[in-house]
Amino acid sequence: MTIQRIGIMTGGGDCPGLNPVIRGAVLKARALGWQILGIEDATSGLIDLDYRSPKGNRWLGPDDVRGIISKGGTILGTSNKSDPFHYVVEENGIKKESDVSDRVVANYHKLKLDGLISIGGDGSMRIAQKLIDKGMNIIGVPKTIDHDLGSTDYTFGFNTAVQTATDAIDRLHDTAESHDRVMVVELMGRNAGWITLHAALAGAAHVCLIPELPYRLEPILERINERRARGNPYSLIAIAEGARPAAGDQSHEGPKALGQMQRLFGAGYKLAAALEPRLDMEVRVTVLGHLQRGGTPTQFDRILGTRFGSAAVEAARTGHWNHMVALRTPEIVLVPISEAIADPHNVSPSDSMVRAARDVGITFGDE
Amino acid sequence: MTIQRIGIMTGGGDCPGLNPVIRGAVLKARALGWQILGIEDATSGLIDLDYRSPKGNRWLGPDDVRGIISKGGTILGTSNKSDPFHYVVEENGIKKESDVSDRVVANYHKLKLDGLISIGGDGSMRIAQKLIDKGMNIIGVPKTIDHDLGSTDYTFGFNTAVQTATDAIDRLHDTAESHDRVMVVELMGRNAGWITLHAALAGAAHVCLIPELPYRLEPILERINERRARGNPYSLIAIAEGARPAAGDQSHEGPKALGQMQRLFGAGYKLAAALEPRLDMEVRVTVLGHLQRGGTPTQFDRILGTRFGSAAVEAARTGHWNHMVALRTPEIVLVPISEAIADPHNVSPSDSMVRAARDVGITFGDE
Amino acid sequence: MTIQRIGIMTGGGDCPGLNPVIRGAVLKARALGWQILGIEDATSGLIDLDYRSPKGNRWLGPDDVRGIISKGGTILGTSNKSDPFHYVVEENGIKKESDVSDRVVANYHKLKLDGLISIGGDGSMRIAQKLIDKGMNIIGVPKTIDHDLGSTDYTFGFNTAVQTATDAIDRLHDTAESHDRVMVVELMGRNAGWITLHAALAGAAHVCLIPELPYRLEPILERINERRARGNPYSLIAIAEGARPAAGDQSHEGPKALGQMQRLFGAGYKLAAALEPRLDMEVRVTVLGHLQRGGTPTQFDRILGTRFGSAAVEAARTGHWNHMVALRTPEIVLVPISEAIADPHNVSPSDSMVRAARDVGITFGDE
Amino acid sequence: MTIQRIGIMTGGGDCPGLNPVIRGAVLKARALGWQILGIEDATSGLIDLDYRSPKGNRWLGPDDVRGIISKGGTILGTSNKSDPFHYVVEENGIKKESDVSDRVVANYHKLKLDGLISIGGDGSMRIAQKLIDKGMNIIGVPKTIDHDLGSTDYTFGFNTAVQTATDAIDRLHDTAESHDRVMVVELMGRNAGWITLHAALAGAAHVCLIPELPYRLEPILERINERRARGNPYSLIAIAEGARPAAGDQSHEGPKALGQMQRLFGAGYKLAAALEPRLDMEVRVTVLGHLQRGGTPTQFDRILGTRFGSAAVEAARTGHWNHMVALRTPEIVLVPISEAIADPHNVSPSDSMVRAARDVGITFGDE
């Protein structure tokens, strides 16, 4: 099969490194003499060829990717609402879900694409698999800021997010120490605690709370009080947004408002509300939130993104449709998309990173 | 009067630049052959000479200030609870306020101090004035991260805080643009909007909401929609924590939960809750909070802090007790503390910075 | 006079903040309903209307200035070789200087420009003055990274350059201290020592050598040896590229190679070659060079640039041709270009910054 | 064997991440109840127990390592002149090399050390091996900023150095583009080109010259001219300090001065001198030098350093003397020091990183 034109799109939440992938793919495709079409807002540009928000699909050349290696986000836009198998349309004021995947396949052929590079997470890869089953040629590029995919050593975005979180913790140390406070910083990670674990280690936090290791208040209070007793009247707690108390830990009980607080404010505020009355110290919360998704990608993520982008085009060239690029340090390899999807990666209590963290005195609240 | 020993202390909320002030004062005092005593946690170390949290008062030499110019926070610690005229002590479980200022004066003499450098904000300066009235020799160094003091061109900390806020806005642009979202970033400033105004200008925000200019929703919605109409389906709003809707603007009305939300979450979440139902767009909030207080000081704040510290010692040497150092670009001058206190500095609608902001298309919601 | 179209151009060496000026001017001009023409590579685009390197002159709108506030350099390009009064053309392999200023004036009229915003340094302002004398309407925006203009408190670019230099000195401290070395860092400043003076203060250097204060080796050696004697076997020297030994200081004499070294390598290497044989320590040199010109502008320079840009358009609107915008903290004012040119600004030995530097133990080598 | 006290030392050139290793080892050793002695300036503190520069050997506890995770350099100092097998002593003004290794072994026993953690590069590991042969117990921690060791996926310091280099290249793009210049940036790497290769990829350089791939001028000139022809009149060249022209490439010939220039100035200036006469463009050089060694370690290097430090203590606990810790992503493993030494790691022309670089248009000059 001789390839003449391929498409490329980015799906799911944005993260630093998407633009390097796009650039890597565009430069390599152009070197091969291919045309490469940037598709707007994930599958939106394939569901509706006239889709414009703001730009619509467009052919990409070197000029379009100049300077983007240092830019966060994605020049193609992205969307969480463009699953063609469950597409929500509003008709007469009523929202209705329908399957528009046939339209996507038809448009793919109408554009005379020989294949598609889909950069995205779990959700995007599942959609890709189903479009493959309908006859489309797809190469996957894994994107998850959470480091929660087992089939690749790293995905881009994670390194930058941990750096951002570490920089934030560095700042909070200053103010925590000056004011003798407990500082709680809530980081990304609904199901996987990797960002928090790495940032806690790099930021020299004293407590690290992650979804995989439900926590009890007591060991946390002990750690803070032991620090005070040794003349360090401040502590720093890194908590993942998905961290939660262990079942049976009664310590979070309290006025009804707490439940609501949890729902409204998230894990950090909830923890602070439980800690403060049990300590004679000020507890302050910072929620890092979207700051972790933006910013110029670190060199690590720029390189990984560039390599993924060029390797995805190479995979297309050699006909490895249906595969996803992955990092097996130091090489880029190909993994069947179906296998990759089925390979989640979570923190285990016996992970060597967890042990290293305990070695340097970090408490997980599960002791 | 021949000076042999002086004290130095930092009061109120911490901000980047305190350590450069301490360093500047210590190095200059040592060069003069004076001894300089670092007093712990604002007046705490004077109220109780045995106070230790964690270190207690200590004599400072060059080794103690080595490397601290690049460190946020304050090596002396600070406190918001050490007003000797309204000091809260707990006795038999009951909190009780008392005036311990005589003890402060007595301890000051007991330490044989010839004078005191008090680095602090509005509150600290008022306390300093009252201690001066009781016979203590004090030189003030103004500290307010909010840029809300009229008697000095700048105070240290402000420059760093605006830089931190600008860096954060830069990051949020990436993700806002990739997702076609409205991003709301809440910045410091309960009564003064300077941080938000500067960061909005430097960060190229589209909307800037500050305490001095109560806002209405309508011009904000117009700005966002006008941007969408011109093919820019995202917007960035910088809002000060003290910003509030104009009286009579009905637009914030809604379910009772909104009132509670305002109290619990602050200005950013409240605005988002009001905007989202009026736009067909996702609105996301980031609260920068304590991140603005930490971090290595910018060169500007390091230099200003160093100059303030050395000028404070020079003021003591020349007997200018009762004065505060201040910046009149490019010189450091002395201002009576009493005058300085009475000189607040707020954003006025006719300020040239506000006009410049409007010139580049920033909406204040007061149009 | 009703203005309909103006031109804007950037001349001389690039520095951080040029793009914010362009953006500020474009947004304000557009708000007034004017057209604004970006002229390529300083006067090059006026000397030759077909000039393309790479883009040529173009009308600028909001889309052209989106995102540039955070970008170093200038989107219009700049040049040091486009003085129309001394323009060098190559004819038959022979370079020849000629006066093409009439062509510039003719092209200015051909483009139907009502005025021109010229962003540039000393050289650009002198050219502007001569073009004004030939009947063109010009508003000046001062650009000098060296802080060497007396008529404005600050120019953009300086703040960023000092920050870059300070960050570099922070890094060199680490390695100097680990290896017990003398680290020499050469900074910008051929005639004015402001960047070096500021960076030395902010970076806690031990020695600061600037063009305005010719140095002798002896006090430098003393400072380094005194530090060693007190248990600090490393020192950090900030030296401006234009710093030079005092006349009569024999200490730099030595093998002939030294003279050549000075010419080839500059002030830093020359100093190191003189110091090393007189100390039993390693002396290492870092030349910061072009790094000081690039990078994202600090918030200070972004704001100053934006204000200068919008104020320049306002000056055009109110007919203040022949003036230059300037900062008198906190206001933007207008100064006749002719006055501004005649107002150099150099470090004087009695400057309060120099005294502050000496207060904290910085040696200038002139003691 | 029950361990009670161990020593730790850092040797060779400093790099970011040394302090995290020390901290990791100290915290873990303390948790095990061991004493841990910091040895000053590599083996210097073992050669002479009274060695002080500035501090001398000292027992390390949690207070000594507080805050150092974010600090570049090494709190223990380091030295390139402390090989006990070839130790240079000055006697009566005459330098003389002698073998003082027996004294090191004797002092090791005198200090009652049960083992030693030696953090260092190739040279340090060879010394360690010889001390092991004399009966000392040593665990190695590999340190090479150049990424030139085959037995570990990464060493700390490399990630930070590449980040620093990438940030520098980002800055140079601004000024190169504004002035239509060729910018040459010389990076670390005498024998291994990894830093330059990574930074070229991450910084979107156009040309990458490394020791492993001797270059010819012609393909470099072609790349620059081809860029000009396509309307990009600027180029950025990353060159390793150890890069050199291919044998037989006559293009570097020229006035004798060139040879001297190479020796004095290094690879970057030499290349520039050869390029400039062959292009009608300005060529400017920046030598990054020592900036690459300093600075706060990236999160990656902090984590890797911490893990190495704690794993080294664990290796001692389990009696794995004579081994070196290493990273096999994502695990820390142990490798015999003897094997590790014999495993250099250089860029090969067929490396997948080189291919990725060529894919995105980077020229190596070897085409």
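Order of writing sets the chain letters: A, B, C and D. Residues in each chain are counted from 1.
One rule holds for everything that comes next: a contact is a pair of C-beta atoms (placed from the backbone, for glycine too) under 8 Å apart; a residue touches a chain by one contact, two chains touch by 3 or more.
What you see is a predicted model, and the numbers here were worked out from it, not measured in a lab.
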Neighbour overlap between subunit B and subunit C returns none
Interface copy of B-C among C-D, A-B or A-D, with over half of contact pairs matching by residue number, is A-D
For the copies subunit A and subunit D, the interface residues, called same if over half of the numbers are used by both and different if under half, are same
Subunit A to subunit B, mean C-alpha position gap in Å, rounds to 34
The distance between the C-alpha centres of subunit A and subunit D, rounded to whole Å, is 31
Chain-centre distance (mean CA atoms) for subunit B and subunit D, in whole Å, is 41
In subunit B, the residues touching two or more other chains are 170, 173
Contacts from subunit D onto subunit C in the complex sit at residues 13-14, 16, 18, 41, 52-55, 71-74, 77-79, 164, 168, 170-175, 177-180, 183, 231-233, 261, 264-265, 284-287, 289-291, 293-295
Per the touch rule, the subunit C residues reaching subunit B in their complex are 23-24, 27-28, 31, 62, 67, 69-70, 153, 159, 162-163, 165-166, 170, 173, 198-199, 201-204, 230, 296, 298-300, 302-303, 306-307, 310-311, 313-314, 329-332, 352-353, 356, 359-361
